[in-house]
Amino acid sequence: MPHDHGQPAPSPAENMEAFLDGLWKQNPVFVQVLGTCPTLAITNSVSNAVAMGLATLFVLVCSNALVSAVRKLVPKQVRIATYILIIATFVTIVDYLIKAISVAVYKALGPFIALIVVNCIILGRAEAYASKNPVGKSILDGLGMGIGFFIALFSLGSVREILGAGTFLGFPLFGPNYQPWVLFLLPPGGFFTLAIWLMVFAAWKDRKKRREVKTMAEAA
Amino acid sequence: MSAANLPQPAASDSVRMIRLMGSVSLICGLLIVGTHIGTMEPIRRNQEFITKETVSALLPGVDKQAVYSLVNGDLQPGAQPNVPVLYAGFDKQGALIGVVIETSERGYADTIKAMYAYSPDLQAITGFQVMELKETPGLGDKITKDPAFLDNFKKLDVTAGPDGKPAHPVVTVKHGTKKNPWEVDAISGATISSRAVGRMLAKSTATMLPLVRKNLDRIRKGN
Amino acid sequence: MFGFFSSKQHLSRGVHVPECKELTEHLPIRRLPFAPMLIVPLSQHSGAPAVALVKEGQEVVRGEPIARANGFVSVPMHAPATGRVERIALAPTSRGELQTAIYIKPWPSASQEVLYGADQDIEHMTPDGIIAAVQATGVVGLGGAAFPTHVKMKVPAGCTIDTIVVNGCECEPYLTTDHRVMAEYPQQVVHGARIMMKAMGAPKAIIGVEDNKMDAVEALRKAIGPATDVTVGVVEAKYPQGAEKMLIEVLLGRQVPSGGLPSEIGVAVFNVATLAQLGELLPRSQGLIERVITITGPAVSKPGNYLVALGTPLRWALEQAGCVDEPASVILGGPMMGPSCSSLDIPITKGVSGILVLTKKEVQARPKQVHPCIKCGACVEACPLHLNPSRMGLLARKERYEEMESDFHLNDCFECGCCSYVCPANIPLVQYFRVSKQMNRERKARERAQANG
Amino acid sequence: MPKLTAEIQLRTSPHLHTPRSVEMIMRHVVYAMLPLCAFGIYVFGISVVALLAVAVAACLATEHLCCHLAGRASSINDWSAVITGILLALTLPPGFPLWMTAVGGFVSIALGKMLFGGLGMNVFNPALVGRAFLQASFPVAITGYTPALSASRFTEFIPTTLTFPFLQPPSLTAWITAARVDSFAGATALMQQKFDRVTVELLPLFLGYESGSAGETSAILILLCGAYLAARKFLDWRIPVAMLGSAALAGQAFHLLNPAVYPNGAFVLGSGGLMLGAVFMATDMVSSPTTPLGVWIYGALMGLITVIIRFLGGLPEGVMYSILLGNAVAPLIDNITQPAIYGARKKAKVTA
Amino acid sequence: MNTQSLGHIFIDSLLINNFVLSVFLGICPFIGCSNKLSTAWRMGVSVIFVITVSSVLAFGTNLMLVALGAEYLRIITYIVIIASTVQLVEMFIKKTSPALFRALGIYLPLITTNCAVLGVALFQTAREYNFAQSLVFAIASSAGFALALILMSIIRERLELSDIPDTARGTALVLMLAGTLSLAFMGFAGMGAG
């Protein structure tokens, strides 16, 4: 970690970095392969993915903020217990909020809202970042990671819904005669879609690396 | 949680720790309870809204609803958690249009939950709506929207036999071979889900309809 | 309990390879003339090389000891022909390395008769006496292993040998050396077996012969006569029936423990040609100076079974037998296990049981493309030791040699070649295993060196 | 005297090699499937020709492409992709849309085989991976069975065959009515049995003049082709024997418990893809165990799962799933049935 | 009230709605602990142990919460229960079977973050299972997790010997395999529907 307790306020550029890391370079799903359970389970439609992404984003930002706020008070021994308590609180809140907003969404997400508690991204950020950084930065980090997670869910959900149902957010895209690939809405489709995304990322990285090697060779 | 494995903190430390944990718990508790109280009303409204919508969709023209639950083998007024529920629907004049009954049955992928409307006057099922299902999209989920299939439930005969149960239990038959008014014409290619619907209706009508008939006068009066 | 061997015994694994023995199996053993120069390497056996007793320029008599055994696991050498020691120098050998050898130039008119040696009475010798006498003959396992026979005769403490198994199963294709020895010298074979029984205290001996050598079986039975101490067991002709472990299992229904010796289960195995030589040499205390080899193969114009003086260069032997076509590959021994040799200037030594010469046609008939393993299981079905060559081959490709040894019994493999033979994907399994064993040996040596230093 | 100075080759033993090769095994499997293809074409017409051609072409193209992407020499000449293509086509309904067939071929090779490193490395039978993918993706199209021996089968394609890519196939009802094939129920024998408890006659079932997938209808022909391969030792006869035996026994046991609901063992054998699966797919060497005991367990397990899925599950046919599940447990079976090696010592003795 | 029979719940959670392959719970340990058979079976056994115990405890706790009208504390109490169950199980095994503890030791703490454990507790509550149903559900779903884990580990051990293309190595391959396994397990769908 570049920053320790009690350092002067970080520059905007560093804040930006904390935010952007989660989006792309350290994307929790595509790069770190964390939080795979909701990524697979809740992406059979874009709307579900969006709801889950927003719920996780909310918990991530709130718990990061609170963890960061109490970071100097919490003794080492009960660190993890406190974090879990905080996370569980916000998950409970989200659970009730969703129920209050829309029963349909609540039914679609089911117990997976409660399972945000054990999403390792959240505890991971609390432990690795929020417990060591000031509130503002922690919130930005939470936002970055949360949006990164959201992007992952969204891209998975889009692929699955477009291929699997021929619709996007419920709107038909290809006319009535389009043959949907039902598989993508089913569990195997979840595995395959995420695997394909990971392979695309791997291939992309591989290509980038090769290009770098090439430019280096040319420069030399 | 794993304090036993760690070096013993000094007395002042543990007091601090307990105080801290206490205050964190307090904050968390307050947050949760606050949310709980704040959302209680919207959640209840949401739930009611959904059932009301369904009941009015199944019983067109409904104005007032009454709820009954199946408790100890008989109908009791009011909703009870975790038991099959029955809704009676009345029109503006307060006359009973029909009842809507909750039911569920195991389908291809998971349990299908549904509601159906029963008209005591016609002695027939007059509507059917799936509430929850995980059937294969594009195949099993046709039972929710396939118009030809839903036509089965415009007037599905469940005339009572001597024991109060339907004389001819509802049965799903192969696509295109429906001959009798108590038969459900299956969706071709989604036979399992269609069958689950037939089975669900047969089971539910066998238990619920005798009760409805027994309590019909009470229900008509609305209590 | 295995009193009747009239019914055929069956080997459950292994492969049926084309025998190709019809080229030579009916041809009686013929003697080859001396080559203009005989090259006698000092190490023709497993163990310590012998120590030369002669000097350059010295004249030797056929059968005279020219090198002495260097310790117990070593044997002496005898002059294969009467002549002059031209020089003692390095010579190429079948093992592919240069070794010290005694070059003997036979007199142009040297006789094949052996004048050296004296009669000795084996009947009254002690077992240790017999072992010493055997060592003096310089006889080693003539089946190809070239392990000093007298070492094998020493019964390890705590073991008793109840059966001598005489290996007459020449299962390698093309080779008919043992076949002809049994057919033509049955008396010597039986006599050799009885010497072994006496030396090792075994009450009985069984000669295992494959069912494609029935004339040999007849000859042996005639030589045994009414006696019951030695019997002939007829077994199915299948490769590798002639492997020690396989023969013991088929004849006696016992398995040699993994990593152990036959003596642990009361058995000692000797090759027929070895015993025939002993039966011939021991009563006269002569030395081993010649052996029978099969020179055969599609490239040989006069294939046959030849009695050859040890030290005869390969080129000369092939010239005598004649080559119809340009030889593409020369193999010492059978085609399944024999190494191919790189030079024709190497001498025929005690362990060479045959020379197989292939033409380009046969060499090219072998598929070149190696496919991935399709796990057809043919090698698993074929492996006589019930190993899993398929899995080991995959492990070897990934250089997981240690696992091959610890989990898949790599060291039990005796490289019979069945797996490579049957592999439809043409994977060089045996070669993989050789390399793997070597890598393991090197690793262990490194570890030992590290532990010590 | 020949020149003995000529160069001689140094090679490692063994110097002999069996005449068998991978290509040869694969080629013979293809030969053995040709009669099935011919029969399928005879019964269902030119649609099956197109189906076979597209499936094989898709498999070959995918294999070539994947090899190219991986920077390896193309391996399409080992015939294994052809087998996958033919098998895939034989398990599909005769009028299956060609564009979906191409998707199936692509998935079979790309996901079922090349992803794991190509020939010899695949965990699952590639053709069945493709088939399962299609079944899950296009559940309606893959149950669109057409009648056997329709009069116009050599002159026109089944309308669904030529569906425009990415569109839904048209309904077959009108075409089937127009084809006027007597007593066609729009379903395979298995579907009729499962959903309507109508058990068809056994003889036509075994002969194969029945509605069903393109190449699985004739149990007898499949058995004959399998017997040829088994006799030439190109397949392990124990797997089909174990699988068919356990399926027949399990089926018969169910039948005896409740004859009204469950068909008998003979029906189980003759119907659906059991024969084709047991003879040509379960025996795929790469994805089956290698140990002698393991092979029996593997076959018996697959037969049992087939019957369980057919009788108790939601689908009329379970062969495909049972073989995929069998493939999944094959490495486990292999691990636990490793035979003792020659002269294995008892573990207790080794204690140091 | 849920009227599913015990046998039905068993088959359903073991095969049809397998926790890993169909419900997507416990994917992280499934990916992380499936590279070796020896790891996989130990992890599987540990999970069966923990899930069964925590399911029983969660059942009791839920009764209490419902009686107190404090359902809103469910998530917090469940996560606390699971964390302490893991600790308890660890202590219990350490006392009773040191050998088993040596084998499972390092896997037990990892289970706290296995969402399958919390999943079982939440699902059994949501589905209103009674005690026997909860118990069967817990055992069957954890056994389903172990089954998927063990199958995957053996397949992966075997694939170590093959030449996987670079882009497909690692998690992507595991997910592809899981997808194919999931495809195969789809065959069990509808079982018991009659």
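We just call them A, B, C, D and E in the order they show up, numbering each chain from 1.
Throughout what follows, a residue touches a chain if its C-beta (ideal position, glycine included) is under 8 Å from a C-beta of that chain, and two chains touch if they have at least 3 such contacts.
Predicted model, so just to flag it, every value in this text is computed and none were measured.
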* Considering C-D alongside B-D, which chain pair is linked by more C-beta pairs in contact? -> C-D
* Asked: Which chain is the middle one, judged by CA centres?
  -> D
* Would you kindly say which chain has the C-alpha centre located farthest from the C-alpha centre of chain C? => B
* Determine the centre-to-centre distance between chain A and chain D, using the mean Cα coordinates as centres, and give it in whole Å. => 42
* Where the centres are mean C-alpha positions, what is the separation of chain A from chain C, in Å? -> 71
* Asked: Approximately how many whole Å separate the CA-defined centres of chain C and chain E?
  -> 60
* To do: Compute the distance, rounded to whole Å, between the mean C-alpha positions of chain D and chain E.
  => 33
* **Contacts with two or more other chains, residues of chain A listed in rising order** => 81, 85, 88-89, 92, 96, 182, 186, 188-189, 192
* To do: Send over the residues of chain D in touch with two or more other chains.
  => 111, 117-118, 120-121, 133, 136, 139, 314
* Asked: By residue number and range, which residues of chain C touch two or more other chains?
  -> 391
* To do: Provide the full list of chain pairs in touch.
  => A-B, A-D, A-E, B-D, B-E, C-D, C-E, D-E
* To do: Sort out for me which residues of chain B touch chain A in the complex.
  => 1-3, 6, 9, 13, 16-17, 20-21, 24-25, 27-28, 31-32, 35-36, 38-39, 42-43, 46-47, 49-50, 132, 136-139
* Structure fact -> Residue positions on chain B within touch of chain E in the complex are 1-2, 28, 32-33, 35-36, 82-83, 106-111, 192, 195-196, 199
* Asked: For the complex, which residues does chain E have touching chain B?
  -> 1, 4, 8, 16-17, 72-73, 76, 83-84, 87, 128, 189-190, 192-194
* If you look only at chain A, which of its residues touch chain E in the complex? -> 33-34, 36-38, 40-41, 81, 84-85, 88-89, 91-92, 95-96, 110-111, 114-115, 117-120, 123, 186-192, 194-196, 198-199, 202-203, 206
* **List of chain C residues in touch with chain E within their complex** => 391, 394-395, 397-398
